[in-house]
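Look at the two complexes coming up: chain A is in both, with chain B in one and chain C in the other.
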Partner chain A sequence: MSVPAEQLETFLPSELHFMAENETIEILPRRVGNPIKLAGTDLPLMHPLRKNRVPIWMAIALKKQQRCQFVPPDWMEESNLRRILAFEHANPTAFSNVDFHWLEIAQIVLTTAPDDLTSPPQVIRNLVRDIREVREQKSRQGMKEVNENMLQMDRLGALEINEMRPFVVEGMEEMIKIRKAGKKEEPIIYSESDNPEDDEDDEPTYGHDDESSLAVPSSQLDSSLRYGDRVDTSERRRELSQWDDNVPQQGGPEW
Partner chain B sequence: MEEDNLDLEGMDIHSGLDSSFHSPPHTSDPAGLSMDETDDIDDLINNVRPHDPLGTLEEKEADIKELTHSWVTERMSPTLLPTKEALLFRILKRVQLQIEVIEEKSIDMSPDTDVKLELLIVETELERIKYLIRSYLRVRLLKIDNSMEYYQSSPLDRMNMSQTERMYLNRHYALLKNLYAHQFMNTFPDSLKQMNDSSGSASMVQEPNMDHPVFVRVVKDTGRKIIIGNDSVKLRKGSIVVIKYSIIVKYVESGDVVFI
Partner chain C sequence: MNEGTIIDLPIWIADVLSQSEYDPYSGNQECFVTVKIPHALKPSVLNALKTDAPGVDLRYQSPLFFALAIYYLELFEDEELETIIATAMAERISDIYDNVGRRGEFVHKYDEFEKMLYKKGCASRRAYKEYMATIKY
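On to the complex of A and B.
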């Protein structure tokens, strides 16, 4: 009634795009533009060929008026996408640390500003699709782990989580019901102690990356490899370095 | 009688919010309030740059961020969370100011493309904000509708509602009760007339489901671990966990985890 049924429990893909459009992206203005006061932010004074960081929705509007060109995020470089793909293939149980909205942003850039990519759009599109497929495969495997207590979905993107949401929620709810009807509930323990040795058997972690490190500058990718699947790291590095023809710049977008 | 009263009170959410436009604007400039002796430099700056009725960039961005966050949280949490009325008032006031800007600028019909671009961007932003507000309010109404009986009898939870939402609840509940009574309830024996019978195996009062699984992301390292039976999860920054709301709610409240 007040909310359409398809919006319960989950977000619409269009709403995820909406959220992704709140992230920022760098643009190169084509000509001078006056600053604009807005209700939730401001559009800074624009100088041609001086980079500005603006929300993606604003960049889309400017691009459509041919006022700017996009500077695609580092992780959308062909070489970086190849590294991610290689990591996804090499680690059957771990995910690379990508931007939370990576799929949405990739799609926005590919549809709005394909001419601003450094590689042919088709190449980028195929890489994104390949990465998505490998990850999808792995996250479906992970669905076996659904139980009534908890499920961990580290490093999955918003869109990837969202497509599994209805299934996971329904599955857990049913299992919670069964548990309630049958066995007695298991006690919940909030453990305070933070013993580093506990971490040994944990799955790959974020390490020291802070959450804003969205992905992919090569240094971070390497650090995430360390937590990968007990593969010899130096070997993997060598293997990956062949893709490393293009050294990406540091500093992903802030969240 | 009762209905007349309710009509007078009105239940239009928007009129409730609009009233804020007549109240004094949100003053978040403590310097102007408390300090008599301001720096010369401050004076200079203030003279050169008159106070922006929209507020500073930081205020604006923080408010929009909070609105987006509240919207996601409200959409995904099974319970009704405290109302963000003050935040909505501030944002709606800015929206109103921007609408005035649009009206002003669209009068001048010059073929200046810069003006057109500005209008385009201003309007796009307004549509985005309006979507957030609308969706936020609607999902709250849905929760109120779903658990009407529960909120009627729970003053503590009603504290989370704004005044207009409380009005909506009261009036909707009264209408529904009235309708049921006239349609069929009056023909029932007295013992079957209640709508909040919680005896027996199934309660008629539908409460928010605290055991609903929710998706959260840890945003602060807590060094905590939650153990349930054979499963355990460490609340490490960046982790994404699906877990019963009742278990994670205290971390949601402390801001260590956020809904996604």
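On to the complex of A and C.
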């Protein structure tokens, strides 16, 4: 299937909008609704004027049928948005802690349920836009720190990350190319005598079916160690060097 | 062509020639050619990049400035050049990011890589703006 080039490297805002619709939001139903079992989420029993937490896509569908009223998230209150804006102004290097999908959710609530907001929708929309502009300015400042290894900006929203992703990825790749060009590494050459099994049969063997292809016999691998475990590297290094010293002996020390 | 002549060659030819160790005419075993630093990477350009990277007109030096620099760095180890190019690129990238969504003369200073970057930035900015413009009041 052919996909346009810009969709290969990043999401369209409409795709993020779709993903944000799977977040939950509180609604006030106007009619009784029976609980429904769905794959992934269960919809609770709905009573009129009792708050229920449902996925946004459900809330949108009910709202379109005039069967519910949105309860906008706390941060979409005018006072809270003003507080967030003040925080953004006061901290030139930190971003305020907002919902990951804050722009999309604001967009959804403002388009489908502007009448359920506690303040006029224009005010909310302008505040959201102001916050977004301040954050954008800060992310531009943050770009000054870019290098080939990392770029860290905490608490950016999905849409904000999405907007800078193609640019940053492409830029950092080019910087990595420069660093790689400058560093010429010795090519790794495997001598044939390392693996005598290969000489006997011409068919190359893939994977680690037999133990001889492993650099370290699996009996000596620490099976209790899992990916993500914290390892005290200094102790590990000492153990390794110990093992190196004892290589001529048959069978290394217990790991 | 006499020995000691200085000529401009495409860098890929210079690459091949500098790696051949045998000179068929004189028969000596030294390198056939000595590669000088390309015009685009001459010290005056590098000094300009060191002082004010975003202001340098890289397109005038070479439309493929960074590609050339990377090719050259692959051929010859030059740690100083590598540092200058890498820091200059970081500075220029953040400058381009500032300019995304704007129009102006600055585009003429970008080399091909930077132009591509600028276009990508503009495209995603446009997509974002179109999305945010879906509210109508």
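Note that the second predicted complex is superposed on the first by the 175 of 255 C-alpha atoms of A that agree within 3 Å, B and C clash if a C-alpha of one lies under 4 Å from a C-alpha of the other, contacts with A are read in each partner's own complex, and residues count from 1 in each chain.
One rule holds for everything that comes next: contacts are C-beta pairs under 8 Å (C-beta built on N, C-alpha and C of every residue); 3 or more make two chains touch, one makes a residue touch a chain.
Note that this is a predicted model, so its numbers are computed, not measured.
Counted by residues of chain A touched, the larger count belongs to B, out of chain B and chain C.
Of the two partner chains placed by superposition, only chain C is touched by A:Ser14; chain B is not.
Once the two complexes are overlaid on the shared chain, A:Gln107 sits against chain C while remaining clear of chain B. In the overlay built on the shared chain, the residue A:Arg165 is in contact with chain B and with chain C.
By the touch criterion defined above, A:Ala39 lies against chain B but remains apart from chain C after alignment on the C-alpha atoms of chain A. When both complexes are overlaid on chain A, the residue A:Asn149 reaches chain B alone and has no touch with chain C. Residues 147, 165 of chain A contact both chain B in one complex and chain C in the other.
Those residues of chain B that touch chain A in the complex are listed here as 52, 54, 57, 60-61, 63-64, 68, 72, 75, 91, 94-95, 97-98, 101, 113-114, 117-118, 120-122, 124-126, 128-129, 131, 135, 138-139, 141-142, 145, 211-213, 215, 217, 219, 223-229, 231-234, 236-244, 247, 260. Taken in their complex, chain A has these residues touching chain B: 1-3, 7-8, 11, 18-19, 21-22, 33-34, 36-43, 57-58, 61-62, 65, 67, 100, 147, 149-156, 158, 161, 165, 168-169, 172-173, 176, 186-194, 198-199, 202, 205-206, 209-211. If you check the complex, the residues on chain A that touch chain C are 6, 10, 12-14, 17, 103, 107, 110-111, 114, 121-122, 125, 129, 140, 143-144, 146-148, 159, 162-167, 170-171, 174-175, 177-179, 181-182, 184. By the touch criterion given at the top, residues 66, 69-71, 73-74, 77-79, 82, 85-86, 89-91, 93-94, 96-98, 100, 113, 116-117, 120-121, 123-125, 127-128, 130-132, 134-135, 137 of chain C touch chain A in their complex.
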